[in-house]
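Shared between the two complexes below is subunit A, which has subunit B as its partner in the first and subunit C in the second.
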Partner chain A sequence: MEVYWAIAVRSFRRFSTYRIATLSGAFTNTVFGFIFCGVYLTLWHTRPGLGGYDVSDALTFVWLQQGLLAPVGIFGATTTVELGERVRTGEIAVDLYRPTHLMLWWLSVDAGRAVFQLLARGGAPLIVGALVFDLNFPSSPMQWLAVAVAVALGILVSFGIRYLVALSGFWITDSRGVESMALVLSLFFSGAILPLVVFPGWIGEVARATPWAATLQVPIDVWLGRNPGGVGSALAFQLVWIVVLGLAGRMATVLATRKVVIQGG
Partner chain B sequence: MAESTSLRRAMAWPGQYRMLVMMWIRSSLAYPASFALTLVSTMLITGTDFVAVVLMFSHIESFGGFSLGEMGLLYGTASMTLGLADLATGSIERIGQRIRTGELDVWLIRPVPAFIQAVADNFALRRLGRPFQAGLVLVIALGHIELDWTVAKGIVLVVSMLTGSIIFGAIFVLGAAFQFISIDSAELANSFTYGGQQLTQYPLSIFGKDIVRAVTFIVPLAFVNYYPVLFVLGKPAPLGLPSWIGLLAPAVAVAMIALASVAWRGGLRRYRSTGS
Partner chain C sequence: MSVIQLENVSRAFTVTSRTGLRRTKREVRAVDNLSFTVGRGEVVGYIGPNGAGKSTTIKMLTGILVPSGGSIRVAGVDPSRNRMKLAKRIGVVFGQRTTLWWDLPLKDSFAVLQKMYGVSRARHAENLATFVELLDLGDLLDVPVRQLSLGQRMRGDIAAALLHDPEIVYLDEPTIGLDIISKARLREFLAQVNKDRQTTIILTTHDLDDIEALCSRVMVIDHGHKVYDGTLTGLRSSQSAPRTLVVDLAASLPPITIDGATVTKVDGPRQYLTFPTTTSAAPLVAQIAATYPLQDLTIAEPTIESVIARIYANPAPVTD
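Then we have the complex of A and B:
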């Protein structure tokens, strides 16, 4: 266990060295936050109570979403993109050589990244947003705790998806095509382009059942206290996807390890 | 004599750009299936923004006074101009990496201007996905808008695509020039390019007067598509501005080229190699 902790700490430190990149990323999130606020103010002004959100729910959604995009890895994350590159170039052989579990190794790397980005980038847009708009905050310690758990579970679900995408390179030579298809699904079904509560009819029902919903929409709804079935079922929904993706990831790792042929020496 | 030499040099630029670009196109077409897949997924990724607008219109009839067809026109022009600018100049945003790795030094000693190498660097044909997708939305949108077309409106719309692309392109270059000062700030320019596209796909008046002022007088994003589209649709301009303000887009584009050129040259002059 110690080794995974050490990896996570080093990954955290590595990302903490990109200071200006982090700052300009947070700035971009804030700019997009204001644009989305303009759009959602118009939308919720025309249709008050749309999707069960009031105006301040919609605005809070925007700032939480902008803060969580990078930590959760909605557009993909440096860590799992690197894993995909290592599979492509064959450097993965070195990883398989280590006396550690491949998935846990990369989970630790990703966790270090996510925690740093959550601390450095997660709060900044929210603070700016709260200065300008009237936003909603969790009202009890229990709700804060639920938010923390939901965000952590969201990151785990996201990692589970990204890990499978990166490992797809074992079977198709170039995983970049799969990476971009995964990005389309992630953008569309996570709530990154529009809150899933606004998706009409069956499209909405399908979207809210996907694992991507568990990465962004569900944690934000826990913050807002707007989960249709309450917090318990929201967390259970995330856990189910973590189990499914975790087993799939484990299976993919075993199959991939069997497949690898290391040449040269 | 000196003048004619520099003119002759400038005449060679389009050819040099084409040569570098063709090289990258050949390399990306080496794996046709992978290329086709990334082209399609680029169309889908960039198209999700408009899907969001269509989904919104399942709940509303008009957005800030614009119908879905008119929103399509705004979206299509915003996405088309950013897409073309990104295709032609977007690679320049990697200049920070080039500075860090020292590759810029190599560019500087080659007999082709660093600017041309920077915009052609890693030219990604898959970026055509955004203009393709924007063109598709535009065609469908134009079919849904009832409008008395005149020659003047047609010209304004077509010219605005060109001038809008130039304005976005100039912003890409300005962002890259800023990386000479702050090497890790690539994502900062995204606020104005991708952020600008996100902003200009909506009727700007919904963002309030201050934003409209800012994107008219400070960062002239409103001239990319909003004012020209208002002219084409015959809608009044905000802030009591004259309705022909959209016709100023070419002048704004020229000013932006001048500004970007000064900034790029300044950045390059300020550049000190990492020295490795």
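Then we have the complex of A and C:
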């Protein structure tokens, strides 16, 4: 197990070497934060209480969303994009020469990345947003703890999805199509465009039940204290998706390895 | 004691080709009925043209590809059934790829390897100190891998593959793209490791100087068949590639005629004669000296390249 910790630490260090990328990323998030605030302010002034959010909930949502985009990997993450590339080029065979489990290796790499990006890119937009607008913050240590757990689980769910997308290259010649489709689904169903609470009827029900909802919408609702069924059921919802995606990922890994080993890639 | 055993190993791939709407499936045998054993501490050069089946063999030896037929034992186990277990006992280096952490200092990659292979701290430190010394890595440990030159990176990769004391190391073109000095240094290092640690080395390469410098044994594979297995000297004579006798005469003469050799080229007073490896050069020289105004002569052995080119041209399997 020690090896996976060592890998996560190196991955964290690796991402910490990308200083310019980190700075410009945080800057971009902040700019988009202001743009989204403009849009959401108009929206919530026209429809007060939309989706059960008040104005400061909506604005808090914006800054949390901007801070979480990179760590959660809503647009995909460098790590799993690299994995997809290795599958396409066949370089993935090199990973099989190692005495480590493929999925755990990449999970560790992704965890190191996520933690670095959470620290470097999560905080900056939130601080700027809090200086300009009146934002909501968790009120109790328990709520802070719940937020930390929900964000960690959200990252795991996101990894589960991105891992499957990357591995799809074993069976689909050009898995870039799958990647861009996954991007669209992720953008919409995670709540990165509009909070999922604003969608009415069955569209909203479906959107809030997808694994993408567990990546961004759920952790933000935990922060806001707005989960429809309470924090407990929100975390359980995330856990269910982690189990499902974890098992699917495990199965895909076994099948992919078998494909390489038996069919020769 | 043999560490690698292959018995009648074959590997077929199904290649699907499409012409219009018709899909045709064809079976290609990348490795066909291959048998050999490698003893502990041997350094074997494994050579063959592109597509001969070299990497397919290496993949089967490391367990990331199962053979379609035959049996393989590496370090006492069936590789494909014990891939992870075997991975701890072997080292692999690809000249064209790196397993190092690209953006981090070289020492970070080494630190991960210690955990990955479960090497004790003491042993890791000892090995690292040895390799740093032999490969002159001291100044490079704090440099991010992406800033290393190809030769430096290769030294890092080789050290990385050896840090866990593997019993067997597979090196795939380890000297590709390196300058002469880097190549010589790497060969020296590998010879040293082999001598000190009895590490078995399987080397695939297109650089025959690697083979000359390192390998006591050469295996040539072509179209999935083993076409030669033996010493480098034996490889030269096996093909009875002709030797060349270059004679400098006192004057330009028409092609000379002697028994046992034929003139292939006349260049002023210099004439080139070829004769089989099996013929001794001495009587030929005596004959020429007796008949013609001989001033100087040299004998050229067939180059290893020309010998191998001949093998590829006539791919008749050689029986042991």
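What we mean here is this: the second predicted complex is superposed on the first by the 260 of 265 C-alpha atoms of A that agree within 3 Å, B and C clash if a C-alpha of one lies under 4 Å from a C-alpha of the other, contacts with A are read in each partner's own complex, and residues count from 1 in each chain.
Operating definition for what follows: a contact is a pair of C-beta atoms (placed from the backbone, for glycine too) under 8 Å apart; a residue touches a chain by one contact, two chains touch by 3 or more.
Just so we're clear, the structure is a prediction, and the values are computed from it rather than from any experiment.
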Quiz item: Mind checking subunit B and subunit C on superposed subunit A, clash or fit?
Solution: fit
Quiz prompt | Spatial angle subunit C-subunit A-subunit B, Cα centroids [nearest 10 degrees] | solution = 90
Self-check item: Larger contact residue set on subunit A - subunit B or subunit C
Solution: B
Exercise. Have a look at where A:96 lands relative to subunit B and subunit C in the superposition and call it first, second, both or neither.
Key: second
Practice problem: Considering only the touch criterion stated at the top, classify A:49 as touching first (subunit B), second (subunit C), both, or neither. | Solution: neither
Quiz prompt | Which of subunit B and subunit C A:260 touches, first, second, both or neither | solution = second
Quiz item: What is the contact status of A:17 with respect to subunit B (first) and subunit C (second): first, second, both, or neither?
Solution: second
Quiz item: Given the touch rule stated above, what does A:6 touch, subunit B (first), subunit C (second), both, or neither?
Solution: second
Exercise. Applying the touch criterion given at the start, work out whether A:176 contacts subunit B, subunit C, both or neither, answering first, second, both or neither.
Key: first
Practice problem: Using the touch definition from the top, say if A:230 reaches subunit B (first), subunit C (second), both or neither. | Solution: neither
Practice problem: Once the two structures sit on chain A together, report how near the CA atoms of subunit B get to those of subunit C, whole Å. | Solution: 10
Quiz item: Is there a shared patch on subunit A that both subunit B and subunit C touch, and which residues make it up?
Solution: 18
Quiz item: How about subunit A: which of its residues touch subunit B in the complex?
Solution: 18-21, 24-25, 27-28, 31-32, 35, 38-39, 41-43, 46-47, 50, 174, 176-177, 180-181, 183-184, 187-188, 193-194, 198-200, 203
Exercise. Enumerate the contact residues on subunit A facing subunit C in the complex.
Key: 2-3, 5-7, 10, 13-14, 17-18, 91, 93-94, 96-100, 260-264
Exercise. Note which residues of subunit B are touching subunit A in the complex, please.
Key: 31, 34, 37-38, 41-42, 44-45, 48-49, 51-52, 55-56, 58-60, 63-64, 182-188, 190-191, 195, 198-199, 202, 206-208, 211
Self-check item: Residues of subunit C that touch subunit A when the two form their complex
Solution: 11, 13-14, 56, 59, 62-66, 80, 83-85, 87-88, 92, 94, 97, 99, 101-104, 108, 111-112, 115-117, 144
